[in-house]
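Take a look at the structure set out below.
Chains: A, B, C, D and E, in written order; residue numbering restarts at 1 for each.
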Amino acid sequence: MELLKAIVGGMNYWIFIILMMIGLYAMITKNNLVKKLIGMSIFQTSILLFFISLAVKEGATIPILHHDQAHAKQGDHGEGGKHSDPSHKGKEAASAIEEGKEKPSVSHAGSSKIDPDRFTNPLPHVLMLTAIVVGVSTLGVALSITQKLYTEFGTIEENEILDQLKSGDD
Amino acid sequence: MTPPAIISITPVLASLVSLLAVIPIILLGRRSNLREGTSFVAGIVKFGLIASMLPTIMAGSTIEYTLWEIIPNLAIAFRVDALGMIFGLVASSLWIITTLYSIGYMRGLKEHAQTRFFSYFAVSLAATVGVAFAANLFTLFLFYEMLSLATYPLVTHHQDKEARSGGRTYLTYLLTASILFVLPSLIYIFIKTGGGLDFVAGGFLEGRIGGTEALVLLLLLTFGFAKAGIMPLHSWLPAAMVAPTPVSALLHAVAVVKVGVFCILRVYSGVFGIEFLSDLNLGVIVTWIAAFTVVVSSLIALTQDNLKRRLAFSTIGQLSYIVLGMALLTPKGVTGSMMHIAMHAWGKITLFFCAGAIFQATGKKYISEMVGIGKRMPVTMAAFFIGSLSVIGIPLAGGFWSKIYLLWGTVEDGQYAMLAVLLISSLLNAAYFFPIAFRAFFCKPEDSLFEAKVEEAHPCAVVALSLTAVVTMFLFIYPEPFFALADAAAQHLMNL
Amino acid sequence: MIDQAPAIVLLAPFLTAVLVVLVGMKYERACFPLVLLGLSFSVAAAVQTILQVVEAGTLRYYMGGWPPPFGIEFRIDGLNALVALTVSTVALISAVYSKNRVPEENGDKISIYYTLLLLVVTGLLGMVLTGDAFNLYVLLEVSALTSYALIAMGTRRATVAAFKYAIIGTIGASFYLLGVGYLYIKTGSLNMFDIHEVLVAEDLHRSTTVLVAFILITVGVWIKMAFFPLHAWLPNSYTFAPTTTSCLLGPLVTKVMVYVMIRMMLTVFDPVYTFVQLNWGDIVVWMAVIAILVGSLSALAQTDLRRMLAFLIVAEVGYMVGGVWLANTAGLVGAIYHLIADVFMTLCVFLFAGIVFAKTGKREITATHGLFAKMPLTMAGLAVGALSLIGIPPTAGFFSKWYLIQGGMASGHWGYVVALLISSLAMAVLFFRIFEYALFGVKPAEGHGDHHAGDQGKFSEASASILLPLMGTASLVLLIGIFNQSIVSIITDFLVQFNLADPMFR
Amino acid sequence: MKALGFIAVLGTGLLLLAASRDFPNWGDPDSPASSYRLSRHFITETINETAVPNMVTAVLADYRGYDTLFEAVVIFTAGIAVIGILRRYGSRNSIPSARETPLTPKKPDLIVESTVRLLIPIIQIFALYVIAHGHHSPGGGFQGGVIFGASFILLALARDLKAAQNWVAEKRTLILACCGILIYAGIGVLCQFLGDNFLDYQILHRILPTDPVMARYHSILVVEIGVAFTVTAIMFSIYSNLSSNGKMKEGI
Amino acid sequence: MEAQGPEGEIVSQLWIFDLILLIFLVLTAVISLKVRDLLSAAMIFGVYSFLICLLWTGMAAVDVAFTEAAVGAGVSAVFLISTVLRTSRRSSD
C-alpha cells in the first residue's frame, strides 16, 4: 500500500512531463492557432503541476493556520504590542532574521508551537498563483493576436496564412 | 648615444591641422577661392610644423607625444624619427603642390562636389601624416584604416558606374586585407607581448615568438598592408585610377601606396627588428615575393595603353623595390629603400600630373592617342620625360641615387639574383616610358593627332608639374636632406 | 532619497506608465512629456546607482525590507548597474524618436502605445536589477507581453510574426521557469545568490537535476535572445513592427537576455561549474561561430533594410554568447562591453532605418539612394553606427571586437576569431552597399536614375525629434569607444570575484 | 516540421525524465525545498511577523509583495496589450471578413435573465468576501478580482456587452485598473517617503494607529484590494475586447 | 494514523482519487487537442482546468486551486470561447 502510494505520488512528476510534452508538441506542430494556444495553456499548467507537486509534504495540511492557533498567536502578539515599543519590536524581528543561518524561529518566544512539518510549503503556491495569472495574461494577448490575424487574413490556420503571405499580396 | 626624446605636441598638430582645416573648407564651400586658400594655408602650416621638427631629428633625437591611453598598455601615441620624417616631409610638401594642381585640374574640368573633394583630401593627409608619426602599431593601424575610408569618396568622385566598381574593388581589397590579416596579427602580438606595441629600433618580438609564428605574422603583415600593392593584392591600384588625377597623383602615387610600404618598413624594423629577421632568414622570402611583383608588374605595364593604368602598374613595381630593399636587411639596402620613398614620390607625382594635364587639355587617356603631343604641350611632356628618368633611375633625376643604393644593397649581401631583377626591371621601365616621350616629340608631323589649337593645360596645373619636375632634377644635384635622413634612419634601425 | 535610487530606476517608468493611461484619456498631448519625464528620472537614478556602485561596491536594496532569501532584493553590482543605465538611456532615446512617429504609425492609440513602451522598459529594467530568479520570470513576462503587443501593432505581417514570437517566447520563458523550479527543488531557495551558496555548500553541482536546470535555463534564455538556431522569431518581428518598436526592442531585448545568461552562468551556477565541470565551451563557441556566420551572411542576402539589421542582431548575439563561453576574462569583458556597445550601435542603425522609412515610406535598402546629398547629418549618424558595427576605431565596436578576438586567441578558438573577422567584412560590405546607394543614387545601370532622384528628391533632413536621437546615439557610440577604459574597468572589477585568471579556465 | 517538433519534444521529455530520478521522495518533509530555512521561516514566522494566518497570502503580498505587484502589472499589461492589438476605434473602415454579428440572434431569455439577475449580486458579494477574507482563508485579491470580473462577464454573456458596459464603461475599466496599480504601488511609494524601502509596510505604523506588525497586516489588505481592482477591470476589459473583436459594440 | 491531523489524513487516503484524476487529466488534454470543433476543444479545456484544480485541492494547495478554478476553468475558457465564436469554429487538425 505504501509502495503504491509512493508510485502514485511519483506519478505526478511523470504526468507533468507527459502533459508538458503534449502541450509543447501541440504548440510546435498544430496548425490551428487556437489549438496552439490550448497547447500553450496545457504546457503552462504542467509547470504549475510540477511546482505544486514539489510543495507537497506527507502528512501536512493546507498552509493556513487553524483559527485557534492563529488566535493564540495574535493574542500573544497583541500583548506584545501593548507592552513594548512597537517600532522597536519590528526592528528586532528584522534583525533576528538578518542574523541568518540558524532557524530564525527560535528567536521568538511561542513560535515553537508551529511545527513546520505540519504545513505544506507555501512558497511554491505563491509562485504558482503568479504563474497562473501570467498564463491567463499570455492567453489573452495571444488570443487577441489571433483575432487580429483573423480580421486580416480571414483564417486561423497557420498554413493558409503563410500561403497568403507567400503569394505576396502584402 | 641617442639624445633623450623630446615631448612635444607638434607631431599631433602636424597630423591634425589638415583635419581641422576641413571645417573651414566645408563652411567656405560656396566661395571656392577662399576654400582653396584654406587648403593652401593648412598645407603650408602642416609643412612648416613638420619642417620645424627637422633639426631635432637631424640631431638624432626623437619627438614623442602620447595622446591618450585607450586600452591599458595601448595608447594613441606619436613619435617622430628619421624614417617618419622622410615620409612626413614628402607627403606634406607634395600636398601643397597637389592643391595647386587640383585647383587647375578641378576648375579646368568643372568637376562637381569640389568641396567634398577638398575636405576628404585634407582628411586623407591627416591620416597619412598620422601614419608617418605613429609611435606604435595600434596608432599606425588606426590611421591606416582612416586613410582607407577617407579616400573612398575621392576614388569614387565621379559617381558613375566605373567609379563605383573601382571604389568597390578599392575598399574590398584594402579592408579585407587589413581586417583579416592585420587586425588579428595585431591582437596576437598584443597578447604575446602583453601590451605595448611601441616600435622599438631593434624590434620587440625577438624571443617572444617562435620561427613559424614569426613567418606567419610576417606574411600576414606584409600582405595585410595591401596598400603596398604586393602581388597578388595589387588589383585595387589600377582600379582606383578611376579617381580624378590629383587624387591618383597624390594618393595613389604618394600617400596611400607609400603608407602601405611605410607600414611594412615600420613593421620590419620596429616590430620584428632587422636582426631578428635576418637571424631567421625571413628576408629572403620577402625579397622573392617583391622581386616577383617587380618583374611581373613591369611586364604588365608594357601592355597597358591607358596612361594612368600604365603608371599604376609602374607604381606597383616601384613599391616592391622599396619592400625589396628593406627585405635585403643590409644597411645600404635599407637606406636605398627609404630614399626611394622620397625619390619615387617626386618622380611619380610628376608623371601623374602630366597624365592629368594631358587629359584635362585634350581629353585623351590612351597612350596610342598621344602621338605628337609633345609639340603642343612641350612643358608637360618635358616634365614627363624628367619624371620617367627619375623612375627608371637614370642620372639627371633623383631616382638615380635611390636606385644606386638599392643595387649597392644587393651587392653588399651578395644577392646577385636580386641585382639582376633590379636591372631587368629598370630596362623594362625604360621600355614602357621612353616610347611615350619619344612618340610625343619625335613622330612625323603628319602622324600627329593634334590640332594646332591644343594648348597647355590650366596654368595652375602646369606650374605644379613644372615645380615637381624641377624638384626631381634638383634632388639629383642635392639629395642631401633625404640622404642624411635615410642614412640616419638606417643607422638607427640597424643598431649601428 | 539617494539610497532609493535603485528602486527609482524601475519605479519611474513603471508609475509613469500607469499615469500615461490615466492622463492619456483626456490629454493625449501630455503623454509624451510625461514619458520623457519618467524616463529621465530613470536615467538619472541609474546614473546615481552606477556612481554608488563604483564608489562603494555592490549595492543591496531589500524590497519590502525583507532580507534575502525571504524577500526579494536588488543586488546591484557593476554589471547590473551598467546594463540598467544602458537600458534606461536607450529607452529615453527611442522615446524621443517616437514623438513624431507614434502619431503617424499608431495615431489612434498614442497613450496605449506609450504605456506599452514604458512597461517594456519596466520589465527589462526589472530583469536587470532583480536578484531573485522567480521575480526575473515575472518581469520577463511583463516585457514579453508588451513586446508581443508592440510588434502586433505593426503591419499585418507583423501580426503573424507577433504570434510566432508569442508562441516561441512563451516556450522560452516556460523553460526558464521550469529551470528555476528544478533549482528550487534541489536548493529550496529562489534568491540567485542564495541558490549559488546552497549549490556550493551542499555540493549539488554533481546532481542531474541541477544539470537539467542549467540546460533548461540556458535553452530558455537562448530562445529569448534568438541565438541560432533558435532565432526564427526575430527577423520578421523586427522587420514589420512599427519603427518605434523596432528601435526600442531591437537593441534591448536580446541584449538583456544576454545579460540574464551571464548572470545565470556566473552568479547562480558557478563559473567553475559552467566552464570547467561542464566543459561545453567548445560546442557552444562553435554554435556561436555558426550563428555569427549565418547571421551576417543572411544579412547580406536581404533587400529589406530592417530585415538586414535584424539578421545582424542574430550575428551579434553570436558574438556575445561566444565571447561569454570563451571562459576567460578577455572574452567576458568583450562580451559584456559588446553588450553595451551593441545596444547603441543597433539603436543607431535602427534609428536610421526608421528615418529612411519615415522620409521615403520604403523599406528597401535601395530607398537610401542619394541620401548623402539630401540628409548628410543622418548619413553621418549612420556612418558612425556602421563603422562601429564593422569595428573601425575609435568607435565602440572596435574595442569590443578587440577584446573578443583577444579572448578567442587566448583560449585558442581560432574558428571564433575567423568568424568575427568574416562577419566584420560582411558588415563592411553591407554598409558600404548602403553608402554606395546613398552616394550614387539609383543604380547607374538603370540610366534614368537622375530623373528618378529628382522626382522625389525634394525632402531634406528629418525633424529635430527624429534626428536628435540619431545624433545622440552616434555620439554615444563614439563616447563609449573613447571612454572604453572606464567601462572596462567596471566590468573587470565585476569579474574579479570569479577568479577567471585561474589556469583551470584555460 | 512535425518530425522536428517531435524530436524536440521527446528530447525535452527525456531530459526532464532523467532528472526526475534525482528528485527527493514524493512528499518527503526533509526534501530541500521543504526543509530549507526559507520555507520553514514562512511557515513558522508569518504569524509573528505579519499576523496573517494564511501563509500564502502573507508571502504573496508581503514577503514577495514586489513579485505580486508585478503580477498585477502583468495583468495590467495584458489588458493594455489587448487594447493595443485589438481595439479599433470608431470610423476605420471595417474589414468584411470579421464576423460582425453574433452567431445566434439574441432573444431575451426569461429564465437566463432572471437567474443571472439573481446570481450576480451573490457572486459579487462572494467576491468581496474572498478579497476581504484572504487573510484567514483561501482567497485574496486575485481570486476575488477574477470572480468580480466574472460577474460582469456573466452579465455580458447573459444579456449583451452593452448591458455590462452600462456598469463599467470602457474608460471606467481603465481608470479602475490604473487605480488598482496605483493603490498598490502608492503604498510602496508611501513607505519610501516615510524613509523605508519600497513596500516595507511596517513603517506605515507611523501613520496608522497600530504597531509595525499590524501595519503589515492592514497594508496587505489594502494591497489586495488594489490587486482586486486591477484584476476585475482588466478581466472584463479583455473579455469585452475579445468578444467584440475590438469594436466594443456587440459581444458574442 | 491518529497522530496525523484530519486534513493530512484526507490527503493520504485520496491516492486512488489522485490516480484517476491524473489519468483523466491526460485524457482531457489529448482530447481537447484532438477535437476538430474548437468550441468543444475550449469546453474540454475548461474541464481539464477543473480537474487540475481538484488535483491541487488534493495536494493541499487551496489558494492555487481556487485561483485555477476562477482563472483557468472560468475566465480562460470564456476567453477561448469568445475567440472561437469571433473567428472560425472549425480546425483542420
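By definition in this document, a residue touches a chain if its C-beta (ideal position, glycine included) is under 8 Å from a C-beta of that chain, and two chains touch if they have at least 3 such contacts.
Remember, it's a predicted structure, so these values are computed and weren't measured experimentally.
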**Item:** Touch-network distance, subunit A to subunit B, counted in steps
**Value:** 2
**Complete:** Touching subunit C and subunit D alike are A
**Request:** Determine the shortest chain-contact distance, in steps, between subunit C and subunit E.
**Result:** 2
**Message:** Just the chain pair, please, that has the highest number of C-beta contacts.
**Reply:** A-D
**Item:** Chain occupying the middle, per Cα centroid
**Value:** C
**Item:** Most remote chain, CA-based centroid, reference being subunit C
**Value:** B
**Asked** With chain centres set to the mean of the C-alpha atoms, which chain is at the far end from subunit E?
**Response** B
**Message:** Counting only Cα atoms for the centres, state how far subunit B is from subunit C in Å.
**Reply:** 44
**Request:** With chain centres taken as the means of their Cα atoms, state the distance from subunit A to subunit E in Å.
**Result:** 15
**Separation of mean Cα positions, subunit D and subunit A [Å, integer]** = 13
**Request:** Would you kindly tell me how far, in whole Å, the mean C-alpha position of subunit C lies from that of subunit A?
**Result:** 29
**subunit C residues counted as touching two or more neighbouring chains** = 65-66, 70, 134, 138, 141, 145, 148-149, 152, 162, 178, 184-185, 190
**Prompt:** Which residues belonging to subunit A are in contact with no fewer than two other chains?
**Reply:** 9, 12, 18, 20, 24, 53-56, 58-60, 62-64, 97, 123-125, 129-130, 133-134, 136-138, 140-141, 143-148, 150, 152-153
**Request:** Quick one: which residues in subunit E touch 2 or more of the other chains?
**Result:** 62-63, 67, 71, 75, 79, 83, 86-87
**Chains that touch, pairwise** = A-C, A-D, A-E, B-C, C-D, D-E
**Request:** Please give the residue numbers of subunit E that touch subunit D in the complex, ascending.
**Result:** 62-63, 65-67, 70-71, 74-75, 78-79, 81-83, 85-87
**Message:** Considering only the defined contacts, which subunit B positions touch subunit C in the complex?
**Reply:** 69-72, 141-142, 145, 149, 152-153, 156, 159-161, 164, 167-168, 171-172, 175-176, 179-180, 183-184, 187-188, 190-191
**Asked** So in the complex, which bits of subunit E are touching subunit A?
**Response** 4-5, 7-8, 11-12, 15-16, 18-19, 22, 25-26, 29-30, 32-33, 38, 41-42, 45, 48-49, 52, 55-56, 59-64, 67-68, 71-72, 75-76, 79-80, 83-84, 86-88, 91-93
**Asked** Which residues, counting only subunit A, touch subunit C once they are in their complex?
**Response** 20, 24, 27, 33, 36, 40, 43-44, 47, 50-51, 54, 94, 97-98, 123-124, 127, 130-131, 134, 137-138, 141-142, 144-146, 148-149, 152-153, 161-162, 165, 170
**Item:** For the subunit A and subunit E complex, residues of the former touching the latter
**Value:** 4-5, 8-9, 11-12, 15, 18-19, 22-23, 26, 30-32, 34-35, 37-39, 41-42, 45, 48-49, 52-53, 55-56, 58-64, 118, 120, 124-125, 128-129, 132-133, 135-136, 139-140, 143, 146-147, 150, 155-157
